[in-house]
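Okay, so subunit A shows up in both of these, paired with subunit B first and subunit C after.
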Partner chain A sequence: MIAESSPFPWFSTARRSTRRLVVVAYWLVALGVFGLIQWKLAFHSNYPVPTWMELLFPLQVIVFLPALLGGVRAGGFVKPFRGVKWAPMQERDDTQTLFGPTRPVINSMTAADIHLDERERRQRDSVHFAAYTCARWFALGLLILEFGAAAAGPEWMMRAGNAAFYLLALVLWSLPQTLILWNEPDVTVPDMEPQQ
Partner chain B sequence: MKTELAIGNIHLNLATRARRRWVVAAFYAAFAALLAVWFLWGSTASTPGLALFLFFALGLSFIGGRSSRRGLVPPDEVGDERELLRRYRAHYLVYNWLDMLCIPAFFAAIAVNSPAVHHAGPAVQTLVGRLAWTLLMAVGILFYTLPQAILLWTEPDMELPQ
Partner chain C sequence: MNAEVVLLGRRISMASQSRRRALVVTIYAAFAILLAALWVLTGWRGSGAWVIWAAILACRVFLGGYYNGGLVKPFNNKAPKQPAMPPSILALRLRVYQPVAPDGQSAWRNDERELHQRDHAHYLAYQAIGVAVCVPMLIASMRLIRPSLMSWIPMSPDAIYYGLTLVALILFLTLPQAILLWTEHDMEEQQS
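Now for the complex of A and B:
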């Protein structure tokens, strides 16, 4: 499930310890941005009516940050869950990579990253099952939080609602990739070592 | 997966996929009707809220899945390799659509405090607020029931136990 072509060519994710560092860094950044948004909305905004820019920034974060991990999009650390279905990209021949061996390269990805084999599809499904179970409990917790905020007043309900949607979207779009990157054992493909 | 549903003395054969699909359709039609009543009555009113919660608990018990021993779908830890893979597959399919299901509720929640709704008056604001809560409840119901519904919907015809 780990993509052979890393989004950062000088950075290998073959080792599990490296991938775990990536996951920790990712969630620190994601939660840091979340804190920043909440701080901005709390002290520098005409809340409870957010402006379009205040909505646009978290939406951009939700859309683009999980893409770094891959899975939901091609080009991340994890292979795309649904493969790449755009036919013209799949019809290219082998390509010589810069200072590296000849490989079938499609856009910035190797051919092995385009589709999942049977074992990987099973793994993808089982990881989504685990992520679904976690997300269900998480969503229930957020809903209880929202009910509590609703009891505190409409402004608190709005604040908690925005925070809940942001966190839920982030978890839904990142949790399967996080589990894969965290649990997948070390990969021993020589091509995945950083090229000197 | 259970092949028979007993409602009092009436026994329904659920071995065929067509019948199971009717059950799933009736299940979601009942939820849709209850959500409509909740919306019209007022989402903050306690009586329809309690009715919705009770029906939700009964519905979960009826459809089964997760860790529930009761219900049409067996619990997650029960089943052979094929059933396990089908369960994983159903959860993967639903997972892909969960974020999309949240979007209408998200925009309704934003709209509650938008200037346009503020200017439209308290009646419109109340209606949009109800809509946001109703959509949120709908997402919650789908979140807890959709994988089991997919399993019931897609499982091929089964043989009746001898």
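Now for the complex of A and C:
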């Protein structure tokens, strides 16, 4: 499930420890943005309503950061869950690698990165089963959060509604990729192993 | 997947795909009516939790999956807990007890194909809910900028958030089973 071609050519995610660092950094950034906005809204009483640009930032976090992890789109650390079906992306060309045979590529991705085989599809589905179970309990927790916000007052309810859907979208768009990156063992690339 | 559902002591065949699809449509229509009725009667104040109970009841009686009973085998692949005591007189009179399956493990254990179907249904449901939740997130975000954005809707925005969260929870509890019931072919055809 781990893509052979990294979004950053100088950064390999073949090792699990590296991938775990990526996951931790990802969640720190995503939750940091969320916490910053909520902190400004909650504790700065003279803080004006957010501008469109300030709104754009957390939305970009939702849209672009999961794309960095992959899964929901091609080009990330995880292979795209649905493959690449857009016709212009399927025009292939071969490139010469430094120490190995030529590889068919699609933009920066190798052909192996755009389609899941049977084993990977099963892995994708089972990871989504686990993620779905987590997200279900998380959604129940958010409902309880809204109960509390409704009891606290309408101003809190407005913030809680925004916060709840932001967190739910973040979890839904990121959790399967997170589980894959966290649990997948180290990837060994035969081409790169030193010859005996 | 079970081929029949027990409702008030009657066994209703659900072997045909069309019947199962009709059941799914009926269940979601019932949820819509329940949500609308609770909104008219109480504005969901203090009654929203009933919707969750209704979803659990629908799982226990019709859908299965997360709870024992219903058409879809338990997702956790574990044997249901059998109470040491026999069903209560009230349950017997109301005929709401579940009859004991005669063939043991096949009533609850998922084979390899069924486990794969379960996982794939969760994948599809996850994608659907993931896309759907973006709409309320955008609405909630825009309301932070323009608090008067939803003033034309005859509901308070907070009630809308609450209702959408309830809908999300209903989908979380029922959508994988609904996908399985919707897509599984006629059981007679499979046997032939």
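Convention: the second predicted complex is superposed on the first by the 170 of 196 C-alpha atoms of A that agree within 3 Å, B and C clash if a C-alpha of one lies under 4 Å from a C-alpha of the other, contacts with A are read in each partner's own complex, and residues count from 1 in each chain.
Throughout what follows, contacts are C-beta pairs under 8 Å (C-beta built on N, C-alpha and C of every residue); 3 or more make two chains touch, one makes a residue touch a chain.
A quick note: this is a predicted structure, and the numbers were derived from the prediction, not measured.
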item: Room on subunit A for both subunit B and subunit C (clash or fit); value: clash
item: Larger contact residue set on subunit A - subunit B or subunit C; value: C
item: Partner chain in contact with A:R122 - subunit B first, subunit C second, else both or neither; value: both
item: Touched partner set for A:F165, first subunit B, second subunit C, both or neither; value: both
item: Which superposed partner A:A131 touches (first subunit B, second subunit C, both, neither); value: both
item: Which of subunit B and subunit C A:G76 touches, first, second, both or neither; value: neither
item: Partner chain(s) touched by A:W173 [first = subunit B, second = subunit C, both, neither]; value: both
item: Which superposed partner A:A139 touches (first subunit B, second subunit C, both, neither); value: both
item: Footprint overlap on subunit A, comparing subunit B with subunit C; value: 49-50, 55, 81, 122, 124-126, 128-129, 131-132, 135-136, 139, 143, 146, 158, 161-162, 165, 168-169, 172-173, 176
item: Subunit A-facing residues of subunit C, complex; value: 48, 52, 75, 116, 118-120, 122-123, 125-127, 129-130, 133-134, 136-138, 140-147, 156-158, 161-162, 164-166, 168-169, 172-173, 176
item: Subunit B residues within the subunit A interface of the complex; value: 76, 85, 87-89, 91-92, 94-96, 98-99, 102, 106, 109-110, 112-115, 118, 136, 140, 143-144, 147
item: Interfacial residue positions of subunit A with respect to subunit B in the complex; value: 48-50, 55, 81, 122, 124-126, 128-129, 131-133, 135-136, 139, 143, 146, 158, 161-162, 165, 168-169, 172-173, 176
item: Footprint of subunit C on subunit A - complex, ascending; value: 41, 49-52, 55, 58-59, 62, 81, 122, 124-126, 128-129, 131-132, 135-136, 139-140, 142-143, 146, 150, 154, 157-158, 160-162, 164-166, 168-169, 172-173, 176
